[in-house]
Amino acid sequence: MATLGLVEYFNASPEVRAVYDDIMVTRRIDRINNFWKALANDPSTLRRTWESIKQIMTPGALDPLTKEMIYVAVSATNQCAYCIASHTAAARKAGMSDAMFAELMAVVGMANETNRLASGYQVEIDSQFVAGQEKDRFLAKAPRSPRKKKR
Amino acid sequence: MATLGLVEYFNASPEVRAVYDDIMVTRRIDRINNFWKALANDPSTLRRTWESIKQIMTPGALDPLTKEMIYVAVSATNQCAYCIASHTAAARKAGMSDAMFAELMAVVGMANETNRLASGYQVEIDSQFVAGQEKDRFLAKAPRSPRKKKR
Amino acid sequence: MATLGLVEYFNASPEVRAVYDDIMVTRRIDRINNFWKALANDPSTLRRTWESIKQIMTPGALDPLTKEMIYVAVSATNQCAYCIASHTAAARKAGMSDAMFAELMAVVGMANETNRLASGYQVEIDSQFVAGQEKDRFLAKAPRSPRKKKR
Amino acid sequence: MATLGLVEYFNASPEVRAVYDDIMVTRRIDRINNFWKALANDPSTLRRTWESIKQIMTPGALDPLTKEMIYVAVSATNQCAYCIASHTAAARKAGMSDAMFAELMAVVGMANETNRLASGYQVEIDSQFVAGQEKDRFLAKAPRSPRKKKR
Amino acid sequence: MATLGLVEYFNASPEVRAVYDDIMVTRRIDRINNFWKALANDPSTLRRTWESIKQIMTPGALDPLTKEMIYVAVSATNQCAYCIASHTAAARKAGMSDAMFAELMAVVGMANETNRLASGYQVEIDSQFVAGQEKDRFLAKAPRSPRKKKR
Amino acid sequence: MATLGLVEYFNASPEVRAVYDDIMVTRRIDRINNFWKALANDPSTLRRTWESIKQIMTPGALDPLTKEMIYVAVSATNQCAYCIASHTAAARKAGMSDAMFAELMAVVGMANETNRLASGYQVEIDSQFVAGQEKDRFLAKAPRSPRKKKR
């Protein structure tokens, strides 16, 4: 049971209802997830979180499917059952196939493994990563404006 | 200082050197990262980890750049400094632009935020996610055989 | 089902019962939570954990409500469903309003987000934080004895 | 070295400079932390993150000091060195004494311990926590509008 | 409900069935856990994961019971309910008594506590740990060949 | 730089010095680690933490080496650099060989990987784990007193 309960559409304030409407229109869905209904107990957090999500998940240098898969990767790493369920559903809706999901999980598992091997073995960061970043950074800075968003 | 020290190429055993060679050829690089040099103290873990990474990071249903960005997402979530540095470098080498990195970070940050909002508010999983998965699963299962598993 | 089962009051050893009694008296409650009943399979851990909790959660420089909210913040960050449920209940009992809970969650979410932005962007610690701490430390050390625990 | 480098005030775009100005005025400081200088490579994330932080950390049902301590609690739990350093400094500036810091750490440590005891012993959530929340929720909902932000 | 469903023995492909057979023979069990049935949707991950587990959990410098307890320690730290349940069962089968489980949990809890005290207090690593490792490393390197690698 | 600085032996209060003495005698060492010197700013946390550690790490159903390795497993999972360094040193002092360390890391890495595969694939807990625990529990409870601590 959600800590503060869920705010259903029919008894939501106009402020909350406006966010709900925007969510449904933006996502082309006809019902609101429990996550938003729970946040609606705090309208300012509801609005801020939705505005941030809307801004971040919009197509940009990365496409929506890639973004949803990154969301799943983080959620699986953090063991957030709700978020794994909801964002896996969102990723599938955005086009994630079974094969893509399987590869996503394989990378997530492997990254979690090698993260601990690197820390457990107390491996020092290679100087070339630092230096390389530096160089890339200078190169990247110069021609920044005409950056091709080709992906 | 790495716990067991680093095994340099010139004093590596033939078994370790074979893995080093495969890493350099596969990745088209001419030096071995500290991570592998640290693991080389345990040749079986070195070989197993490399074989797994090689299999997982190869192009398949997901392209190498997407995989590297997922790797960065997990590493940033886990606060693994070594892995953030090395996989950010790898992702850039695979084509990640500054804009792609910035969007990746925005998603990672947001996912880490909403993961805690979902758990902190004790939000229950929506029935449609479970049901939806179920339906997707059945639909997905049926025509499964002819799916191109090109990976 | 708890791994070692739950030790109920009526069949607890005198040693365990003494801790149960102290918990109920200290917290002014008339039943023992499953957490303690599970730990009671190991009386020394039960006692040690309770003694530590009792010492730590007592009013001091921080009031009990603030401490319970910090407990919720950590539990939400770690995705511990049991601890979120029990400490949210405890915090409410100690006076946490809906509005306080909502702000608590907003901070917890934001902190989890910026924690990853800071690590993901590989931001170096500002020198003033180190230097500032140093100065604060020296200033703080001097007049230490007469510290007013007014909060 | 920050992945994309740091954007200094003197060579920042007007858009970034506007955020920098707002940070310095709002926080009554005369320099910008590396965190913001790193985010400034992505002006939209800089602006969004700052607007969120400003909204969340403002005095409300919880005072700024409590909020900063919650920030430290999350950052210590996540092992984010940058965030621990910067928010510990911020909390001290907001009035956190050595004694308050010590109690904060004691609670954070204990919560991290019992989070794992609860999950490791596979303790089921007590029915009263669920039921209790339910009841609290209904009671809390009714007189919601005239909520006194007295804290 | 597992995301991609569970692959039962009777409708598994020969490739998957071969792994299932090896699991049952190696572990002397007569049914396959849900974990493997879920992974079987991606035969290459099923095979790779099983081969890694089989190699890693085999008796070596550490005995199987110690390895299973380490597995439980990590799973409790990560709050992975499935893994806590399955590896606690495996550890018990390998001989873990109630008393051993209780001590395991006590160490896991304490380590999670002091991990946060160390990071929260921003404690610097003692020079002797680095130096000590260095010395150990040199001593360890020299007579390395004659070490009995019985694993 | 530790947040509150380090309390050196020569300027420690008698209360702190008593704990320092007990640490050095119990562990047969002649200097105090930074961890304890940092905690000493809060004598009650210093004493409580040391008493807990002393009680937990003493030989029991598990030997000290196993306990130290479990400590390293948790610390590597949490990415706590200080704790990895200090407890790896402690484990080596307690007899951990290079081969044991390597196997420890292999298990820690694998557990962190499969923890995410289990959560990411949303695998449901097998009924036999729950039922099996139940049965084990009843069997285990009966003859509890004469438990043989043979390990």
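Each chain carries a letter (A, B, C, D, E and F) given by its place in the written order, and its residues are counted from 1.
We take it that a contact is a pair of C-beta atoms (placed from the backbone, for glycine too) under 8 Å apart; a residue touches a chain by one contact, two chains touch by 3 or more.
Predicted model only: the values in this text are computed from it and were never measured.
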item: Chain whose average C-alpha position is farthest from subunit E's own; value: D
item: Homomeric contact subunit A-subunit E: same or different residue positions, threshold half; value: different
item: Separation of mean Cα positions, subunit B and subunit A [Å, integer]; value: 17
item: Averaged-CA centre spacing for the pair subunit F and subunit D, given as whole angstrom; value: 29
item: Contacts with 2+ other chains: residues of subunit F; value: 1, 3-4, 45, 49, 52, 77-81, 85, 88, 98-99, 102-106, 108-110, 112-117, 119-122, 130, 133, 140
item: Of subunit F, residues touching subunit A in the complex; value: 72, 76-77, 79, 81, 84-85, 88, 104-105, 108-110, 112-117, 119-122
item: Sites on subunit D touched by subunit A in the complex; value: 1, 3-5, 44, 48, 52, 55, 130, 133-134, 137, 140-141
item: Of all residues in subunit C, those that touch subunit D in their complex; value: 1-4, 31, 33-35, 38-39, 45, 49, 52-53, 56-57, 60-62, 66-67, 69-71, 73-75, 77-78, 80-83, 85-89, 92, 97-100, 102-104, 106-108, 110-115, 117-126, 128-130, 132-133, 136, 140, 144, 147, 149, 151
item: Touch list for subunit C against partner subunit A, complex; value: 79, 88, 98-99, 101-103, 105-106, 109, 122
item: Contact footprint of subunit B on subunit D as seen in their complex; value: 3-4, 41-42, 45, 49, 78-80, 133
